[in-house]
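Letters A, B and C mark the chains in the order given here, with residues in each chain numbered from 1 onward.
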Amino acid sequence: MTERPAGEPLVRLSGVNKWFGELHVLQDIDLTIDRGEVVVVIGPSGSGKSTLCRTINRLESIENGEITIDGQRLPEEGKELARLRADVGMVFQSFNLFAHKTVLENVTLGPIKVRKQSKADAEKRARELLDRVGVGHQADKVPAQLSGGQQQRVAIARALAMDPKVMLFDEPTSALDPEMINEVLDVMTSLARDGMTMIVVTHEMGFARRAANRVVFMDGGRIVESATPEEFFTNPTSDRAKDFLSKILNH
Amino acid sequence: MRITRYAAALAAAGVVLAGCSSEAGDQAEDAAGNTVDVQEDVEFEAGTTMAELAEAGTITVGTKFDQPGFGLVGPDGEPEGFDVEMAKIVAAELGIAPEDIEWVETVSANREPFLQNGQVDMVVATYTINDARKEIIDFAGPYYEAGQDIMVAAGNPLGVTGPESFPDIRTCSVNGSTPAQYVQTNYPDAQLTLFGEYSQCAEALRNGQVDAVTTDNVILTGLVAQSDGDFELVGNAFTEEPYGIGIPKGDDEFRAFINDTLEEAYESGTWADAWDATAGAITDTEAPEPPAVDRY
Amino acid sequence: MGVVVENLDLFWSGFLRTLLMSVAAGVIALLLGTVLAGFRVSPVPPLRALGTGYVNVVRNTPLTAVFVLVVFGLPQVDLTFQNYVLAAIVALSVYTSAFVCEVVRSGINSVAAGQAEAARALGLTFRQSLGTVVLPQAFRTVVPPLGNVWIALVKNTSIAGGGFAVADIAFYGPSIIRDNPGSALWVFAGVAFFYMVITVPSAIAISRIERRTAIVR
């Protein structure tokens, strides 16, 4: 992989449009994310924020516009796309751990099948990552034996095992019981501190304030505002953002 | 038994109704051509099968539904053929009109059970008389004498002469049939392919998958007639296959009655007319000399 | 009953041929049907069309017609099976694979969509995600319906003996009845018994496998 010029953003979306049938879910999205940047995407439900996140590794296709990762355009299908996806880690709302495999196998599957690592190397690294997210002693259990918070931390380890250039988090704490949210957010915060490039779709405003470099506010399929957390939370410019924040912060 | 009779009567009534309302049905009967004279005032000794059947006004007959010239059901659903005509002749002597006959399809494997269980009153279904069968049912007739023969591709390219050729050729017949048994017993080295139907043997012969088809000459003659000149008969019948009318074991009065009826049909020419209208028309052959009935 | 015992050697050799056809066609149909199911959920439209077309044509054709096509149709394009056991295995595999395909496809659809998404997000290709993530989970849910397909296949082999020149269990029935008039019921009971020698243990094995492979979700 050749080094990109320093100014090149890691992820770039330009003029992206997507429809679900009649519904125009993403409208003229332009967004760039730099190396090491942590971007939190917030907005009301149905605003298109999850869809935006899922277009970045093409779990959702787009009708027009362009998405590049590390200067490379997202291929449409096939092996090329698979190779690119390997560099983009993804954490889902519902964890999506492989139900028939142990925790350890969940983490080693990608490195062995995609990165062609030896089983021993993959397992060594997987155990390190599981220790790092605090579930090292659960390695031989199957996902159903773990709590939601533990499963989501395994899912983060699984994504990290691929040494991704960027991590996508699609509402990673929305399916968790309240007492488990923090254990996941703590892992994410420490990842952010270590310089991982992250795009996080979330309702956790505390995490946005604490860890984000930038907050992107979406509504009705458009990016309405893009600002530092400080600016956004203290002085939102758009009425829609003000309205949204007032509803959230009243809780 | 009672239920079977009752159902048969109902079904026969249905046939009559259908016959009245359907012109196509009438035409089909005309096409069969062989109008038998139904006896008007029949009288039988009380307690005999004949009296029972005449009283009921219907008879259930098992026949083949897939044997051109003998028993074949056409698009109208009514069986036609030489066996069918034989049944009509017997029924007529009982005062039962052809449209009051209840036809049941019998295949080789179910002929005896149907007779034993009383599901049919008689079986006229290219049914070869033999001693093993006589142990559990009885036969009237024979009313026709077939013989096993061989059918080959037109021009007889392998020079098949008769059964002595079996060891050198690939022969096809039908699984479980008497002709297959003949080959297996007398020519154990023969390469015998056994399908479920003779039409499939004909297809295999056409494809060159086999060299010959063997069974009763009347069946082969029908296949040759349908083959557009692709097949020919070797014409050297090497067995005797007397076709009889199967009835339940021990009903000697009924057997004698059918034998009498057959002999009358030989005399009156009804038998020859039946041949000409059915098997004879398909194979383009004259009615042969009828075989003598065997009153064992 | 005597007639069955007297002809035990025939029944036994027929039984072995039935078992051979069942196992061979079962293995081929399982592989072919799984590949076809992969086609049916593939992201490549022509493969999807091929899978769907195959299933719709084959599944809606009577097995006897498939046999006729293989035994008498293929020779017309110079593909003749002189070995009718082989022809039967081909016909049975072609036919059964369509049913396997639909069973496996329903199994694939029963696996949560997120499983395949997670696999793809890791960079697994479609085939890898199908093979390592989706199918292993799908097969656990399809053990009972696949068992039904297997049992149907075992009984369907009787078409080969009944009409297409294969000396299997069903084949000897008519000739034994011919040689022993009046024995039809016992002979058919014997035929049924020998099929059950395969199907009943199969059914037991299937429910064992089903219990053993059940997964916690």
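The rule we apply is simple: a contact is a pair of C-beta atoms (placed from the backbone, for glycine too) under 8 Å apart; a residue touches a chain by one contact, two chains touch by 3 or more.
Please read all numbers here as calculations on a predicted model, not as lab measurements.
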item	value
Maximum centroid distance from subunit C, chain identifier (CA atoms)	A
Innermost chain, taking as reference the mean of every protein Cα atom displayed	C
Rounded Å distance, subunit A centre to subunit B centre (Cα mean)	81
Chain centre separation (subunit A, subunit C; CA means) in Å	45
CA centroid of subunit B to CA centroid of subunit C, Å	38
Of all residues in subunit A, the ones touching two or more other chains	none
Subunit B-touching residues of subunit C, taken from the complex the two chains share	68, 71-72, 75-76, 80, 82, 84, 161-165, 171, 173-175, 177-182, 184-185
For the subunit B and subunit C complex, residues of the former touching the latter	108-110, 112-113, 116, 132-133, 135-137, 175-178, 180-181, 193-197, 200, 203-204, 207-209
Contact set on subunit C toward subunit A in their complex	43-44, 112, 114-115, 117-125, 128, 132-133, 136-137, 140, 215-217
Residues of subunit A defined as touching subunit C within the complex	57, 59, 77-79, 82-90, 92, 94, 96-100, 109-110, 113-114, 142, 144-145, 155, 158-159, 162
